[in-house]
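Worksheet: the structure to be examined is printed underneath.
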Amino acid sequence: MPSQEKILHINGLKTYFPVRKGLLRTVAAHVKAVDGVDLEIYRGETLGLVGESGCGKTTLGKSIIQLVGAVGGQILYHEGEQTFDLLNLSPEEFKHIRQKIQIVFQDPHSSLNPAFTVFGSLQDPLKLYGVKTKAERRKIIGDLLEAVNMRREQMDNYPHEFSGGQRQRIGIARALCVNPEIVICDEAVSALDVSIQAQVLQLLQEIKEARGLTYIFITHDLSVVEYISDRVAVMYLGKIVELAESEALYRTPRHPYTQALLSAIPIADLDRKSDRIVLEGDVPNPVSPPSGCAFHPRCPKFKSLSEPEKQRCMGESPQLSDATQLTQPHLVSCHYPN
Amino acid sequence: MSADQKVLSVKDLKTYIYVNNRCNKALDGVSFDVYRGKTLCVVGESGCGKSITASSITQLLPKLSRIESGEIVYHSERGNIRIDQLERNGPEMRALRGAEISMIFQDPMTALNPVYRIGSQISEGLQYHSKNTLAQLKQTSIDLLRQMGIPLAEQRVDDYPHQFSGGMRQRAMIAMAMSCKPKILIADEPTTALDVTIQAQIFELIDELKQRHNTAVILITHDMGVVAELADHVAVMYMGNIVEQGTVDDVLRHPAHPYTEALLKSIPILGKGKQQQITPIQGSTPDPYQRPKGCQFEPRCPYATERCQTFPDSQSISATHDALCWHSEKVLSHA
Amino acid sequence: MKIRFLLPLVVTLCFATQLLAMPKNSNPLSDSRVRQAIAYAIDMDTIQETLLEGKAIVADSHIPNGPFKKPGLPKYSYDPDKARQLLKEANWNSSQELDMVYYYSDQLTVDLMTAIQAYLSDVGVKMNFRKLEGDVGAQLWTAPKDPQNGPSAVKWDLAYGAHGPLALQEYFSRYKTGDMSISPADAKVDSMIDVLTSTADIAAQKKIFFEMEDYMQTELFTLPLYYQQAFIYESNKLNRNGGIYGNPQYNYDWDVTKWTVEPDANGKMVMNTNTGPMEFFEHPWFNPGLFITNKVLFDRLISCDGGLAPTRPKMAKYYNLSKDAKTLTFELKNGLQWHDGSAITAEEIKWNIELALKVPNIMPIFKTTFSYLEGAEAFMNGSASSVSGIAISGNKITLSFAQVDPNVLLTFTQWAPLPRKYLEDVDPAKFQQHPFWQNPVGSGPYKVQEVKMNDYLIMVPFENFHEGVARIDEIVAYPSKDNDANLVKNASAGSLDYGFTKNVADVKALEEMDHMRVIPADIPYTRMVWFNKYAKN
Amino acid sequence: MFVYFTRRLLYLIPMLLGISFLIYLGLELTPGDILSYLLPPEAIADLKPEELIAMREALGLNDPFIVRYLYWLGGILQGDFGYSLASGVPISKLVLERIPATLELSIAALLFSTLFGVILGSISALKRGSLMDNSLTVFGMIGVSIPEFIFGLIALVVFALQLEWLPVGKRLMPGYDSYWDHMPHLVMPAMVLGLIMTAGVMRYTRSSMLDSLNKEFIRTARSKGVPEWRVNFIHGLRVALIPVVVLIGFRLPMLIGGTVIIEQVFQWPGIGDLFVNAVRGQNYPLVMMISFLSVTAVLFASFLIDLLTALLDPRIKLE
Amino acid sequence: MTRRPTRLDKKFDLLREKTEQGTLKAPSSNRALNKLASNKLAVLGLAFVTIMILASVFAPLVTQYDPQKVDLRMMLKPPSADHILGTDKIGRDVFARIIYGGQISILVGLGSALGAALIGVSIGAYTGYKGGWWDSTFLRISEVVMSFPQIILVLMLVTILGQSLMNLIIIFTLTGWGSLYRLTRAQMLSLREEEYVQALRAFGLNTFTICFKHILPNALGPIMVNITLSTAMFILQEAGLSFLGLGVPLNIPTWGNILNVAQDLRILQNYWWVWLPSAVTISLFVLAINFVGDGLRDTTDPTMQG
């Protein structure tokens, strides 16, 4: 069960990608993929990170393990009394911290190196983190495979000999091989067929409990997030628009975007046909997001607001703040939450 | 549901694929009917044959594949047409495509030709199925785009596909498919490449068009949620067979096939929270080249008995509900 | 008595032979036995019959056959056993590899090199060959600083090449101490050369030639391989109307003005030939007759026969060489004109000779003749503004020589005066690069009508030529070097009416064509192998 | 669109600078006095030795390498390409004389190969796996495997010497220099060069066409019920042409290089012939300058190809 | 109304029958090798290339003649029992020359291709993966090199460096690395986005290991194809340069140098055995390599199915 101990504290994180234009290909603008995200992650919890494509959820995940470079903000990792800013590490600290956060990827076809056996793929990281002998490495990798419900001998097989579900398990095993504290699951089950998806979801749950891991679970599938997460953060155009306990968020979404998003999902239950809020238009270009609240051009609530209220939505960017003042914080970034 | 409402019936259709010098029995005896103004959802996991079903109907199969046997009958106003006996790209087949039966595809980005303007691609089919001047064609394209809810249709009709967003492209695809007011619209996973909020828009649109033109829709999907929201009839496919079919109520409320049952149990359902139990289906889909002998689901099936070593006969549960399982009674009662 | 007389001679001879045969320095090639062994090892007769397809004559001297060649010179006929024996006597180190160079880029040369390599290897001499690239002259002929002891200033041991001077003296004069990269100083050679180059007396010349030939061939300073022939080819359409055949690389009385060809459909007589300009017209002072343009665009003061012996005045009304061979007088014909119509003056001839003294790439015999003029030295070192040995009076030119040049008349059969007004500003060092050579104005029987550089050149008769207007309406010259790579192609397609070649393979092909005839001509052109006899470091 | 092309054009500048630098480096590395090809020979003729020394100083031949390079480059920009070592003729004159011949030959070969390559390649792709396809593929392979000069020589023996259908070579015959008079001379070299290139274009068109025929939009087009020819050509070939045009752009260097040998075989008085003679005669400035000019030609031609590609592909046009 | 059976239908029937009888043999685990083996032309090509390489390496065992052995009395003899391909202009055995000539020609072709690969692949792999300043620098350099018409560049370098076997290999290497560099770089650019690469980066593995040990093996397919095709190209170029008289010095037997005699129209028209065997050898060898390269391309390119 999640504790109240903060393990990761993300502070005003910004990740921009330059857009080059014009005669000399100068940087004309930036795609603000992650635009000032504040997030606290507690030891042992599963934080769901949802949003539509292009909202910045994957970039946020990759920024945390620095697969893409952030341009501003802090990522503080707490270990006991010590705090490390992941964006400013000395080389020794870097090696120490690197193994604490690992990632599981989406695509079971590209997540494993087709030229190597499972053992071949996994042994280099182990070498790097000090497992000297081959026998030791074989043992560790064998144990890991068993932990993900596979057979030890399969470490000598090549990726093309595995099914999609098996590859995803190997991906999980790889993330676990250096004993991380936090695992970022980046769309880890999205590419799998439903029947396999359930297997992997269960496996992730088991492993988390067995190893006391913390998950950052990134997906666009709100049903899956609801099932697996303790808390859920909803992202829109590089910002978190709502962050709450999973139950609270699904029962009483406060942000109009979250509401629309939840209502848009077809539910495989004939008794629960919802009233669908159909959003108009497309997600705006993240190079030039709308002024004020970035959601206002599509916001169903915006239309019913009075003119001065509309002006506020268009001019002032809302801050993520607690809307309910209940025991568990329910943060919303909206001037007029429900 | 009277027989004259039937627009398409497929009987014991077998389509095999011959890629890499091997024979994959992608469809191995598929039968279903499609009714005017109704939506048939074909649902299943990847590789189950649902897309092959769709392309068999329009004979838009990959080159290295063939309809082996069975019937595809299109009940047109001029009488019945045996589609399976038409030459693949022959004139009779072409007269049906687009005009009577049209398709929309999964990825609107690749399904549109990148070098032609949206408008000309929309009206291309019309050009061959009706006699229109170029100006008329363009006007029709604009009207269609407007109907699909694309703002500034007069201007956007001259855009190229890459200038459209994903949702708009799929709308353009639908405009193209609906341009000749077909009797049957086959939608092959039309929203898989789109975000949920856009998916909702597209489904609204398809539903509206279906109502307005009384079009029969065959919707191919892997998403049970989509089925629940849109289908009138459901066909569940597994390894080239329809393992269960019936009305949406029949199938979703009273699954009679262990696969349907297991599938429904394995997906988390929105709103049921963290406490819901999901039960994965054991094992994985078999290699299509090394199929189980009898019932294809047998190796993964909790109900499996020795009898399952022989291929099951279709069991009729009710007038509208069939399942391909020796143990369907047991499954029904279990649920 | 007889014996008593003979004995010392024999002893001396033996001693002398012994002495001669000793290696003169650390280079085994300085040992004449090694050189002779190499000569014995090569079966030139077979090479002549096969590789050269009989189209050459095996050589036994530098100079070609003729009255100046001593009969009965030593022949080194193929004798591998003798070669082996000589090598043994000379203590030949069989692990040594000889480095042979050449500068021709044709296949025949490579084949010849390969054949020689095979013959040498048969007697136990290893040899490798390579083609010289870059500044070939410097790599071949840089003389060492110390002409006696070397070390050699060039890298090679053997060099394959050819020598084909106009004047026989030139064959030997280059072996003078300090001039050449291959032979250490040899007082005997030097003294013979001095005589050779200073007498115009035929009998004296002949004697010293015989002596020289014998010494060179016995000692085997250089190994003569074969005398090359030139082959004139003509199409059956061409008629010389009595014009004679001769050495086609030079100018002689070939009476080109009388030539005719079968008229074409339009009744026009067009003669197609090659060696037209590729980038520029080659000036006639270096190769006086190699290219068709050298021959027909320019006229000479004296004419000669096919063997290049001076016969009659040409541009000159008459000429006269004094008995002591030190004064040569010309009188120009009246009314001589350049192609542009301007007059050719005696003053212009003087200017031409003075310019020729300064042009570096000019034929050596021209250079020698002109430099023997009185005051030539002073003119060249800048201390005089003109050559005092040239006197002009009206149309008369009197040349006074400080030194006898046996080739003085030969020079004037080949050397062509050029129009001063176009070349007044020329830099002698960049003579060939002058724009004049893009479209030259000459004095010969034909003049340039149209040049499409590298496509074709059309020449038409010069209407004011002093020996009458030529009969062929147009000479069309297609661009090529003197060794025309496309000769056979063009000849078999019927687009060549006249030309000449030295390429044996081409001759064979031409002979097989029904519409072509081939006329061989002897030319002074000896293919040889030079031995580098200097010590190497 | 405008920005795209301007950028593409501007991009040529650093490329040409880089190339010219390499060329100049090569020129300095080769033996010989730079002065002799910087000045016309007549100019040198008027100079005394001390003037020559002063001239060297004035011309900056004693300056640092980079300065000398800039002077040289400045000359080129003003159309002063230096002088041929052999004849003293300005290189610009020599080259200008030869350009029409090479252009004539390469454009003819290009048109021929493009036309036939695209047609045969499309047929091959549409009839994939058929006897026609297989034989075209094998013939194409054979075509690129025979050394071009052998191909040329055999053609020459057969068509010019044996059958006497075509002239044996050369470009102009005196008195016959109207454009149509070139034609009989042009046929063989252009055909030989064109056929060799056709093989490549054909193979590439085939694979590009196969690629395009595998695309989803082909199925979309079929689903509309349009006739097969329209599916194959209006949709398939149209899209397949874009990479083919790009390929032709990539092969331009080959085309310009390809004329070198063909010009030798057929005595075609073009740049290639001039170049080979310059190489054989170690005429360094001419070698370097022709290299430089051919690169420049390639760069500008590929720029034109880019324009063409952009016209064919709206995705680029509107970037 | 039934459809006309097509060419494919027969194939389908056969496959279906075999499947139903269970006689269709299961494909071996290595799909690529399997595919290559099923490509008859590629197998034939590979066999020919192998035979030629073995023959030239073990030339003394294949022919008793010395390729340089001159016999002027035997010149231009047509093929006979003694000299199976006759003799050339100086009586050397043509067959022996072709076999020995293969040593140099193959050395030039393969050596240059491997040299070009060594340079192109290592630079392309590293800078392609790493990106940034070095990448753009080398990209520019390669653009400069590649915008030279190849033969122009080769001849230019021949002028500067001079003519020799070693120089020729160096020149081909210098002119040929560009395409391999581009190819490798392009492969790297796409492969570096693969998730397994990102996973390795997430572990903090050093660039060198990721790039050369983990990514490069996956790019080898197209690289191998390119190396084979470059070998063919260099062999052809060697022949072309020999034709211009600017290739390997004439005293070294190479296929190009042997073929060079075809310039002599008399030889070309009358003595076919002097030039035709080497022309055929070059063409067949290049053709065989092209077949192998094509076969390799098909096996490594997953989009080419059928």
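By letter and in written order, the chains are A, B, C, D and E; residue numbering begins at 1 in each of them.
Following the convention adopted for this analysis, a contact is a pair of C-beta atoms (placed from the backbone, for glycine too) under 8 Å apart; a residue touches a chain by one contact, two chains touch by 3 or more.
Bear in mind the structure is a predicted one, so any value in this text is a computation, not a measurement.
Peer 1: Quick one: which chains contact chain A and chain D both?
Peer 2: The shared contacts of chain A and chain D, listed by label, come to B, E.
Peer 1: Centre to centre, using CA atoms, which chain is the farthest one from chain A?
Peer 2: Chain C.
Peer 1: Determine which of the two chain pairs, B-E or C-E, is joined by the larger number of C-beta pairs in contact.
Peer 2: Here the pair linked by more C-beta pairs in contact is C-E.
Peer 1: Distance from the CA centroid of chain A to that of chain E, rounded to the nearest Å?
Peer 2: Using C-alpha averages as centres, the distance is 48 Å.
Peer 1: Compute the distance, rounded to whole Å, between the mean C-alpha positions of chain A and chain B.
Peer 2: Averaging C-alpha atoms per chain gives centres 33 Å apart.
Peer 1: If you average the Cα atoms of chain A and of chain C to get two centres, how far apart are those centres in Å?
Peer 2: 90
Peer 1: Between chain B and chain D, what is the separation of their C-alpha centroids in Å?
Peer 2: Taking the mean C-alpha position of each chain, the two centres sit 53 Å apart.
Peer 1: In chain C, which residues are in touch with two or more of the other chains?
Peer 2: Expected reply: 105, 133-134, 489, 492.
Peer 1: Give the residues of chain A touching no fewer than two other chains, as numbers and ranges.
Peer 2: None at all.
Peer 1: Return the residues of chain E touching two or more other chains; collapse runs of consecutive numbers into ranges.
Peer 2: 245, 263, 265, 306
Peer 1: With touch defined as at the start, can you tell me which chain E residues reach chain B in the complex?
Peer 2: Residues of chain E touching chain B: 1-4, 8-9, 11-12, 15-16, 18-19, 24, 27, 38, 305-306.
Peer 1: Give every residue of chain B touching chain A within the complex, in rising order.
Peer 2: Answer in residue numbers: 45-46, 165-168, 195-201, 203-204, 222-230, 248-249, 252-253, 262-264, 266-274, 276, 278-281, 284-285.
Peer 1: Flag every residue of chain D that touches chain C in the complex, lowest number first.
Peer 2: Checking each residue of chain D against chain C gives 31, 36, 41-42, 44-46, 83-84, 86-89, 94, 97-98, 156, 160-161, 164, 167-174, 177, 267, 269, 273-274, 277, 280, 282.
Peer 1: Touching chain D in the complex: which residues of chain C?
Peer 2: Per the touch definition, chain C meets chain D at residues 105, 133-135, 278-280, 425-430, 432-435, 437-438, 450, 452-456, 458, 474, 476, 478-479, 486, 489-490, 492-493, 495.
Peer 1: Which bits of chain B are touching chain E when the two form their complex?
Peer 2: 16, 18-23, 63-64, 66, 68, 82, 85-88
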